[in-house]
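Have a look at these structures, which come just after this line.
Below are two complexes that have subunit A in common, paired first with subunit B and then with subunit C.
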Partner chain A sequence: MSLDLSMLLVQFISGLTTAMVLFLLASGLTLVFGVMNVINFAHGAFYMLGAYLAFTITQMLSGSLGFWAALVIAPTVVCVVGGIVEVGLLRRIYDKEHLLQILLTYALIFIFNDLIKMIWGVNLRMVNLPPSLKGFVTFLGRRFPVYYFFILGVGTSVAILLWLLLKKSRFGKLLRASAEHRDMVGLLGYNVRTVFTLVFMMATWLGGLAGAVIAPTVRISMGMGMEIIIECFIVVIVGGLGNVLGALLGALLAGELYAFGILLMPNYAMAFLFIFAAVIIIFRPYGLLGKTAQGVS
Partner chain B sequence: MDDRKYGWLTTAVLAFVLTLIFVFPTGKALAARPIKVGLIDAYSGGAAAFTKPALVAWRIVVDEFNAKGGLHGRKMEIITRDTKFKPEQAVSDARELILKDRVDFLAGTISSGCALAVSQFAKTKKKLFIVHIARSARITGEKGNGYVFRGCPDTDIEGGAGGAYAATKPYHSWYIIGDDYEYGHAIAENFWKGLVKNKPDVVKVAEVWAKLKETDYTPYLTALMAKKPDAVYAAFGAADLISFTKQAKLFGLFEKVPVFEYALGDSIFPAVLKQNMPVGAYGGINYLWYYPDNAANKAFVERYREVSKKEGHPDLYPSGLGSFGGYCSAKFLTEAILKADSVKTDKVIKALEGLTIQTALGPIQMRACDHQAVTPTFWGETANVPGYPFPVLKNIVMTSGDKVIPSCEEIAGERKKAK
Partner chain C sequence: METRQVAQGKATKWFWTAVIGLSLIILPFVLEGEFSQYYLFLVADILAWALFAMSFNLVLGYGGMMSFGHAAFFGVGAYTCALLLVKTSCPLVLAFLAAPLAAACVGLVIGYLSVRIKGVFYFAVLTLCFAQLVYILVYKWRGFTFGDDGIQGIPVPAFISTDASYINYYFFALIIVLICTFVLWKIVRSPFGMILRSLRENPERAAFVGINVEHYRLIAFVISAFFSGVAGVLYALLQTSISPDILFWANSGDVILMGLLGGMTLFLGPALGAAIMVLLNSFVTSYTEYWGFCLGVILILIVLFFPKGVGGVLAERYQTWKRGKEN
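What follows is the complex of A and B.
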């Protein structure tokens, strides 16, 4: 097989799209861990909910309008649900050990699965591609669907906005401070509880957005959240728990490793990712960009 | 009369009445005790798209059996259990059905893993188990036993028929992609065997296995297109077939390369895929609701629509994977019971071996040596044909089961090797 440039480029873009979806999910996961010190197994459930909501909205409003509406409404609804979960359940276990948190968030997966079964039933659902994002981009004699460039755009925008929010805004400073000196922030007169609720809502919004964005390219089914969350955990661990920039780096590495693994040695592509993660865990247990002490950066 | 005498009389009357209640009607109830079939399957989750149509087909056959008076007045009854796709659950369901519900026969499942687990259990309990959707060739092949039957095709028949069909097309280099799972490997392997047998000069460019339930086939699709094969064989199970097809359509794969996908011809996929259903692809299946276009098939479709509506699961297009497999399996069982004139397991097994049933596709035989139904396979090109609600197959080629099924000697060899 001749490895010409255009082929490599296409495979690279392929890996980027995979990376962006992973990043959208992993950023929420890492944010919640970094600030709140909670391992949220249920993150995939919010992603699934986003996809199902996108399905309903595109059923009600056809064409491109339905898709854009879904892109706005689905993450918003998911983020409200996230707020309810934080206030009603998570808030009660912050000072408990990780094991209890895992039990609770794991239980949430089952609760969400059953809720989805009650509302949407068990049939597989499909969201159609919005007409305005159909078609292909042709470059170097190869075609790539426009929609995947849209995914790239959404992922990049989210990355930039998150970075600005965390580094440049007052809220971002508050977040970083809450992560490292929870009590101090409280003593200074800020309501740490509200900060936590807002962070969790932000994370679930990102999860919902990932679900809505991915919806037109996948089959929507129960358990779709579980199928992707393991890879997201790997991304988060490789990048450094709690580190948003690390999540981006981890997602990019995972996506490209996967894409080129498939091009060169397709039957070991999955193994590459896990071997890479294992090496990182052994030599840099706190991740590529993680600090020994956790925190949002 | 003193009190004591009165007491004796009461006791006597009571005893008599009790005798009447317990002995007499019990005898009658025994005669009319229903024939119970325990249907174990995954009814929650995406699998329901296949298992519910199969259940509708069972109802058709059972209603027909009961309307004709059952077996000397004994009606048939179906008791369902949800495995949630887990083999352990399937076995505990089977155990409960046998011990608590006292079922006479077991049937199911969509999952090959569950079918293999239940078939081992059925053997230890000496109960007849008929498989109606699961495809793994091992169920009636190397892992087969005297108590297991299958009324639907397996990967040997379907893969082999696909290979024989593909050999008639002018494609030389092939790219194989599929689920890294028993079903994917088994059907692809038989496809390749069938293709090479009929066209020895073909080349395999690559064989790529994606993990089960993969959500993102993007890197696979770009890598596949970079190889520029003459044709692609996609060996995916139901759920992943949908994801793969949807994304392949997004990437314009079907316009660039001829793609062969078994099961793509089934009515379930266009119903789910809708505008993502590709045209110009090669699809196969074990049953088509519009072909052969004859009275028997039309009557079956009509009846299926009626019963599915009555069951609260209205479905216009009976599927091959769900409905027809369920229909044949139920038909094999009821016909065997009538032929044996008994519900005793050993007698029904004997009656089933070599039994031929009449279906919408003509006669189908249950092979005696391995308990596998010898079913036909249909392949064609997906196309928008006026008058049909979604893309259907055209230029249909039927391959009869006896042309592609492994011989009894081969099966015997496999079983011996497995021991």
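What follows is the complex of A and C.
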């Protein structure tokens, strides 16, 4: 195998796109943990739901319109479902031990999987790319799908918007305060319950967006939520639980590691990810950017 | 007066032990006579999972360690035994002994690297990573493990063959599970078991008293891996075919669910959970393909209304009933 520069570039860009999708998911996961102290196992299910919804919407509206509509509607529907789950179920268990919270969200995976099976069946589904994003860009003698750059754009915009929201907005301040001192924020007259619901809806919206964005590049299947959730856990743990910047860092590292791992040992590319995560946890027991305490940063 | 009460208590204890023992002996014959072999198979299946769930509970319920990688030990046990039987002419006894030892060795490596991690989720993800590595290795290393084809037709010696009837296998599994349960019970009731519980409740305080927290956590982890390996062997010999799926993280999740269903605060709770899960699965899947949906709903109800599990609810009822009788 010749180490030629353009080949490495191809892998690098492809790693970046994986990283962006992982970041969309992991940022939501880490936010929910940071603010509410809950690990949401069902996060992958929301991602899968987003992809299936994108499929249905593009089936109903053909061409470019369908795609853009899916990009807006799918995450919105997922976010509403997320809101229902938070108000109906999660809200009851914030004061319970971690194990019960994990099991509740774990149970949601089973329920979502079967609901999706009931609605969409078990066949693999495909989503077509809109004509405007179909082509290739030639760079250094290599062809890159335009859609890769679209994913990069979405990921970068979300990262910037999240940063602005957390660091520069009033809501971001409230959110960080709720993570640190839930009761104090309540005493100051803010409705912490609503903050929690909004955070969870935001996280599921990001998950749904990730599903809708990834839909045209994969075969949509029942297992996709189960596959991605483990990678997301690795990303948030490597970055440090509750740390959005850490999630970005973790996603970039995981995406690139996978892309170059495939180049080296195609069969064991996933293994690199697990070894990498294990090494990080052993030497940095609270992740790369994590602190011991809970919080959002 | 008091001695008489104690003697009476002892007599009742022996009475119930005898009743349970006798019913365990009669059960397979009733099932075979009145129902079908399938029920006997289910009971044998429950035995394997019950052992797995109880050994897992040593780590989670008693030690307070949220391991998300126990599928690795169950799977390594099953695979070691199956590979030895398929690839070599080694007798069952040796294969049976080698398997839990292999599982314990894997447990020692994973445990050594994991027990010092204090964050619950970091510990869970670290054990998960290691277990997934084992899964990938078994899944991809076709030349040695047969990869995703799994291992079919594991040669089981005639005396526990399930071709004609599951009776022999039932007694074989029953004896092994009873021995393992007895050993686990002794461990839980020993000073070691008490220390383990103190680590779950308050590791800092335990450390102040001079207990080497990591040392004890590691021992519990290895013991648990060992017995999970035994459960894996029982599973492999019953099914006579295995696939890498038993190493996948969903299996680690299932064993946690069993603990929750049955109740992790009781020694036998997880075994009860395993029985419920196996029976419910066979019952629900005979009516609908949406087994996951039903399981999910049941789990949510348990989390919301009976967080101590079915066993916990039963134990509470029994306590109130006993108190009512005394007054």
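Basically, the second predicted complex is superposed on the first by the 294 of 297 C-alpha atoms of A that agree within 3 Å, B and C clash if a C-alpha of one lies under 4 Å from a C-alpha of the other, contacts with A are read in each partner's own complex, and residues count from 1 in each chain.
What we mean here is this: a residue touches a chain if its C-beta (ideal position, glycine included) is under 8 Å from a C-beta of that chain, and two chains touch if they have at least 3 such contacts.
Predicted model only: the values in this text are computed from it and were never measured.
Once the two complexes are laid over each other on the shared chain, residue contacts for A:Tyr286 go to subunit C alone; subunit B is not touched. With both structures placed on the common chain, the touch criterion links A:Asn267 to subunit B and to subunit C.
Applying the stated contact rule after C-alpha superposition, one finds that A:Val235 touches neither subunit B nor subunit C. In the overlay built on the shared chain, the residue A:Ala51 is in contact with neither subunit B nor subunit C. Contact with subunit B, but none with subunit C, is seen for A:Asn123 once the two complexes are overlaid on the shared chain.
In the superposition on chain A, contact of A:Ala277 is made with subunit C only, not with subunit B.
Touch criterion not met for A:Ala159: it reaches neither subunit B nor subunit C.
Contacts of A:Ala107 after superposition: subunit C is touched, whereas subunit B is not reached. Shared contact residues of subunit A with subunit B and subunit C: 117, 267, 270. Note for the complex: subunit A touches subunit B at residues 1, 7, 10-11, 13-15, 17-18, 21, 117, 122-124, 126, 128-129, 136, 142-145, 147-148, 214, 217-219, 221-224, 227-228, 258-259, 262-263, 266-267, 269-270.
Within the complex, the subunit C residues that touch subunit A are 60, 66, 113, 116-122, 125-126, 128-130, 132-133, 136-137, 140, 249-250, 253, 256-257, 260, 289-293, 295-297, 299-300, 302-304, 307. Against subunit C, in their complex, subunit A makes its touches with residues 33, 39, 89, 92-93, 96, 98-100, 102-104, 106-111, 113-115, 117-118, 226, 230, 233-234, 237, 241, 267-268, 270-271, 274-275, 277-278, 281-282, 285-287, 292.
Touching subunit A in their complex are the following residues of subunit B: 44-46, 48-49, 180, 206, 208-209, 211, 213, 215-216, 218-223, 225-227, 239, 242-243, 246-247, 250-252, 272-276.
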